[in-house]
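Shared chain: subunit A. Partners: subunit B in the first complex, subunit C in the second.
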Partner chain A sequence: MDVLIIHFLNALLYASVLFLIAGGLSLIYGVMRIVNLAHGNIYAVGAYTTAWAVGRMLGSAPAITLYALLPVGAVAAAALGAVLEPTLLRPLYKRAEEYQLLITFGLLLILEDLLRLIWGPYPLSASSLYEALGSLSIGESIYPTYNLAVIVVGGIAAAALWGFVYKTKFGVILRATSQNMRMASALGVNVNRVYVQAFTLGCFMAGLGGAIIVPQQGAVLGMGVDALVLAFVVVVIGGLGSLEGALLGALMVGVVREFGIAFFPEIELAVLYLMASIVLLIRPAGLLGRA
Partner chain B sequence: MAEVSRRDFLNALGVTVGAAAGASAGILPGPSKAEAAEPPKGKIPDTPYKIGHMTFFTGPAAVLGEPSYKGHILAAEEINAQGGLLGKRKIETLKADEAAGTDANVKELRRMKLSEKIDLFTGVISSGNTPALGPVGEELKLLTIFVDGCTDFLWDKAVPNPHYIFRITNMQSADGVTCAVATAMTWPQVRKIAHIHPDYSYGRNARDHFTVAIEKLIPGTKIVYEGWPKLGTTDFTSHITAVLAAKPDLLVSSVWGGDYIAMYKQALRYDLFKKMKFSSTIAFGVAPHAIGKDHPEGVIAGVHSNYYFNYPPQGRWPANDTFVKKYYDRWKEYPNFQSEGSYVTLQLLKQVIERANRLVGGWPDDEAIIALLEGALTVGPAGYLQMRADNHQGYKDAVTGFSMNSPDYPFQILDPKKIITIPIRNITAPPGWGDAHGKEPTATYTWIEKTWPKVA
Partner chain C sequence: MTSIAAPPKRLLLYALPIVILLLVLPFVVEPYQTVLLSYGLIFAIAALGFNLLLGYTGLLSFGHSAYFGMGAYGVAFIVKYLKITSMEVFLLGGILASTLVAALFGFLCVRYTRIFFGILTLALSQVLWSLAFKFFWITGGTDGLRVPTPSLLGGQVTIALGKAQDKMDFLAHRYYYYVLVIFCVCVAVMWVIVHSPFGKALQAIRDNETRAEFIGVQVWHYRYVAFLVSGAYTGLAGALWVPLNGLTTPDILVWTFSGKIVFFTVLGGFQTFFGPIIGAVVFNYLETYAVGHTVYWQLVLGVVLVVLVLALPAGIVGTANRLFLKVRRAT
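Presenting the complex of A and B:
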């Protein structure tokens, strides 16, 4: 029984981080119609920045204050987004979509090289934060307390995002711009400002995902590309541009991966793509996507 | 087959633990000091000797590529400080990023030979790349010394009769077998075994060779779980939970690099190491300084069966003492097996070129270099390295050991008193055994399956 509970918690852990990444990707697409291929390495920037900050302060500050450094990665990713959108993406909105794909893919590669250049090829660790919380007992088993913290943050982020998009004036403008950019513009919405805000928010979510998971997993080169692929699996399942879809997709991926690894470990590599293919066959726009 | 006890069989394999292995350290072959000081014969051109070094400069495998390149550069700088090869030809290194993918790597190899006119091709980490690059090296008639890319498949199938290509590090099958031998002598009581391996050729190879060897050494073991995370995975919570649920006596893993660091740190929080024994083929092989003091002590922490920087121990093997010191002074970190491999590659090349020069005078052509590389014996930091004449595979004792904390290092190390070494010829298929047959993975696999006794 306790093993089953732990499997569910593991699935939630995986889904939490995946939702933050895929949610950001989906938000940006929903508002701006840009498939941001650089998104994976925005997540990596969050992870590396937090690991670096924690590593620098380690030993000189009490453990409890180190937790305050967690959001540093998210802020760095958001700042990066706030710079990138007006400088690199804005000039391309009037061109064909292929240009956006090319430029965001190029950005993905450049960011990967920058991470390598700044932090070197060896993994960065922030595991003192993961270890300091210890483990708690679930029946006869134990479970890392930090994982629960990640699940809670993921849940809060999802709730906050929902409130933000559906309960605030900014959310109304965001949704209006997403549904009809020209109309919103004609009604006096400053579209450029909405775009930079949406892009920054999307990057903040990815950075937050990287920042909260880095104590558990460490920061390694290539993590961004992996995350990007997984985020695409999630949005293919949930529907690109839909936040609810990203949540549903992340939960499905988390649960299927978890029980795949537990009961059919041979097909771990294939199982997520299998699920995405089935969804594509049945509902090409994704489960909650707008056709 | 007659019954053999485990102890007798391990003795027959020549397995040694710790200090005993260094006993023969006094006998150093190779050129005597007087011979080495002799000036080169004949006229030597002073054009640079161009070397293409391909390794991972980007992506997760840069954790192996960086040390490989650093070992190469250290050796090249040393040689160039003496005026270059034969005192005249300075080494000029061209680097290529192996992360470009196999097809691009093959093109780059051709380009380096045809446009850049490289004299030697070296490096290469991935087992997926050597079988593609090897035949091209042969076709281009390009002297090639792979540092790694250690798949058995290269010599079993891709290039069964090599002429121009050689390889330095131990063959991949040695990893699984070494790990099984170390496990059987340390924990002969284990019966239920769980595995976690990255899902690509290295992980599959490690699992297969561990399994075929352990079945001979501890008959009657059972696999209770096998996890196959993708290479590059850093979330192992699911695999750890599944392993714990299967209640094994032993977990075997070939997860490496940043993946391994994430895995062991997560496993700690589930008390995994308190509930079972742990054997790895490569835990301490990749980035020694990245292993924290929190790593469990006393587990089998393999080093790709090649090299760990504190063995042979300080003061017993001058080649290692000077290498570790020079490497640390140059790069401010400790070398791994790739550093050692690419360093010994250039040292071996230098010795062979000098020997060839004494024989034929002038700059030796590739045929003379190849003739002397075949069967060459050299003293590397890791110990003796013999280049097998038949399949051009570098052979050195396979190495593994146990993790321990030492006040002398800010990271966890292998216990220098308990290093396990095994003569490589006793755990790999001998010359003439033939290639892999049918569905079996490698020649060594069938050789172990057919010729090793099951111990009683």
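Presenting the complex of A and C:
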């Protein structure tokens, strides 16, 4: 029973981080109709920046205050997004979508090496934050408190995003632009500004995902590309452009991955991709997507 | 598409000096250069097949690593399980394996277009990658599978036994010519395909799917056949690649390798027939040069790709064509 609870918590942990990455990816696609192949690297930027900031401050500040550094990665990722959208993506909206995939693929290659250039080939760690929280016992097993914190942050982020998109004026404009960009523009919405805001918000979420998981996993090269493929699976299952879909997809992938690793490790990845393929075949727009 | 409709006679006149140059090359340059060019020609075959989908049918596949990888792994399985080292068997096996996979994946994918086609091809290719990665007792996992130097032309041409230094000579001369001949055949066949009624129908589908359907083109059927041909070409390239590389690993099944095939094609220009060929050869030199000179080679390639998309979307051949036309009009 304890083991089952721990598996379940781990699944939620995966799902929280995956939701943050895939939710950003989905938000960007929903509003801008761009599949950002560099999105995983934005997540990696969040992880690296937080790990770097924590590493710099370690020892000179009390451990508890270091938790205030977690959002640094999210802010860095958001800033990067705010710079990238107007410079690289904006010239491409009028062109065929193949070019958008290509330019974000180019961006993926560039960001991958920029991380190596800035922080070197060795992994960065922020594990002091992970260890400082200790662990608590569930039945006869123990479970790291930090993991629970990540799950809580993931839940809060999902709720905040939902409120943001469905309960604020900005959310209305965002959804209006996503449904009909020309009409929104004709009604006086500054579409360029909405685009840069949506892209920044999407990057912020990915960066936050990286920032909160880095104390547990560390930051390594290639983490972005790995995360991107999983985020793809999530949004394909849930529906490209749908935030509820990203949440559902993240939960499904989290559960399948956790139990897959525990019970059928050889085909765990293949099962995930097959799941995505089957969903695409039956409902190409995803489980909760609108075609 | 005035650029591809050039009369074949004049084209042959241009092609002849290039083919002669390629034929004498192994006697002029170092073996390393010929091997490098062999890689470029093999990638060109893959890009040629890929472009039948992107340039002529209007479908962007982000999963062509699957067919390249199936070609390579098909060969490796022939060596591992059948103990055959004949290149002709390799080619047949590689094409067969990749066409089978393309028949299955294509059946699932060609119902969709645009972004969904791209993502579905990507997701399916990742299924193969994860299988190759995890089923290590069959595929060798990340260690991959070794493929020895094959015998060519039904055993007529082989590597001299017991001479280690002969391997380089074999790859730089005998194998290079083998690749070159297959490459020329592939180019000729693809030329015929895209200029046949079948090819014209594909272009009609690309330009306007609804209209094509109204004049009686069975869109699904044509797209499926184009997918099969594309997969078979890429698989052939994979089968040719693996003896040259000596080893096949799951790396060639990862979706970023598919991205590379897309890169070849866009670099050369996907709206032209010869663009993908030039793109693949140039990319191969570019990558080898970048890898040899800096650890940040991905950065170099990424910047090239971004600049290319922003400034030269027509690619090398498309831009050259445009300049050529401009000069001719000016005079």
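Here, the second predicted complex is superposed on the first by the 291 of 291 C-alpha atoms of A that agree within 3 Å, B and C clash if a C-alpha of one lies under 4 Å from a C-alpha of the other, contacts with A are read in each partner's own complex, and residues count from 1 in each chain.
Heads up, the rule we're going with is that a contact is a pair of C-beta atoms (placed from the backbone, for glycine too) under 8 Å apart; a residue touches a chain by one contact, two chains touch by 3 or more.
Computed from a predicted structure; not experimentally measured.
Steric overlap between subunit B and subunit C is present once the structures are superposed on subunit A. In the superposition on chain A, A:R95 contacts subunit C only, with no contact to subunit B. In the overlay built on the shared chain, the residue A:I6 is in contact with subunit B alone; subunit C does not reach it.
Using the contact criterion defined above for the overlaid structures, shared-chain residue A:S125 touches subunit B, although it does not reach subunit C. By the touch criterion defined above, A:E112 lies against subunit B and subunit C together after alignment on the C-alpha atoms of chain A. By the touch criterion defined above, A:E266 reaches both subunit B and subunit C. Look at A:M183: by the touch rule set out above, it reaches neither subunit B nor subunit C.
When the two complexes are overlaid on their common chain A, residue A:I156 makes contact with neither subunit B nor subunit C. Once chain A of one complex is fitted onto chain A of the other, the partner contacts of A:L274 are limited to subunit C, with no touch recorded for subunit B. Subunit C runs into subunit B after superposition on chain A, and of the options 7-15, 25-33, 79-87 or 133-141 the stretch responsible is 133-141.
Judged by the document's definition of touching, subunit A residues 112-113, 116, 265-266, 268-269 lie at the interface with subunit B and also at the interface with subunit C.
Interface residues of subunit B, counted against subunit A in their complex, comprise 57-60, 62-63, 65-66, 199, 225-230, 232-235, 237-239, 241-242, 244-245, 257-259, 261-262, 265-266, 268-271, 287, 289-290, 292, 294. Remark: subunit A residues 3, 6-7, 10-11, 13-14, 112-113, 116, 120-123, 125, 127, 130-131, 134-135, 141-144, 146-147, 213, 216-223, 226, 257-258, 261-262, 265-266, 268-269 touch subunit B in the complex. Interface residues of subunit A, counted against subunit C in their complex, comprise 35, 37, 88, 91-92, 95, 97-99, 101-103, 105-114, 116-117, 225, 229, 232-233, 236, 240, 265-270, 272-274, 276-277, 280-281, 284. Only residues 54, 60, 62, 108, 112, 114-116, 118-120, 122-124, 126-127, 130-131, 133-135, 255-256, 259, 262-263, 266, 295-299, 301-306, 308-310, 313 of subunit C touch subunit A when the two sit together in their complex.
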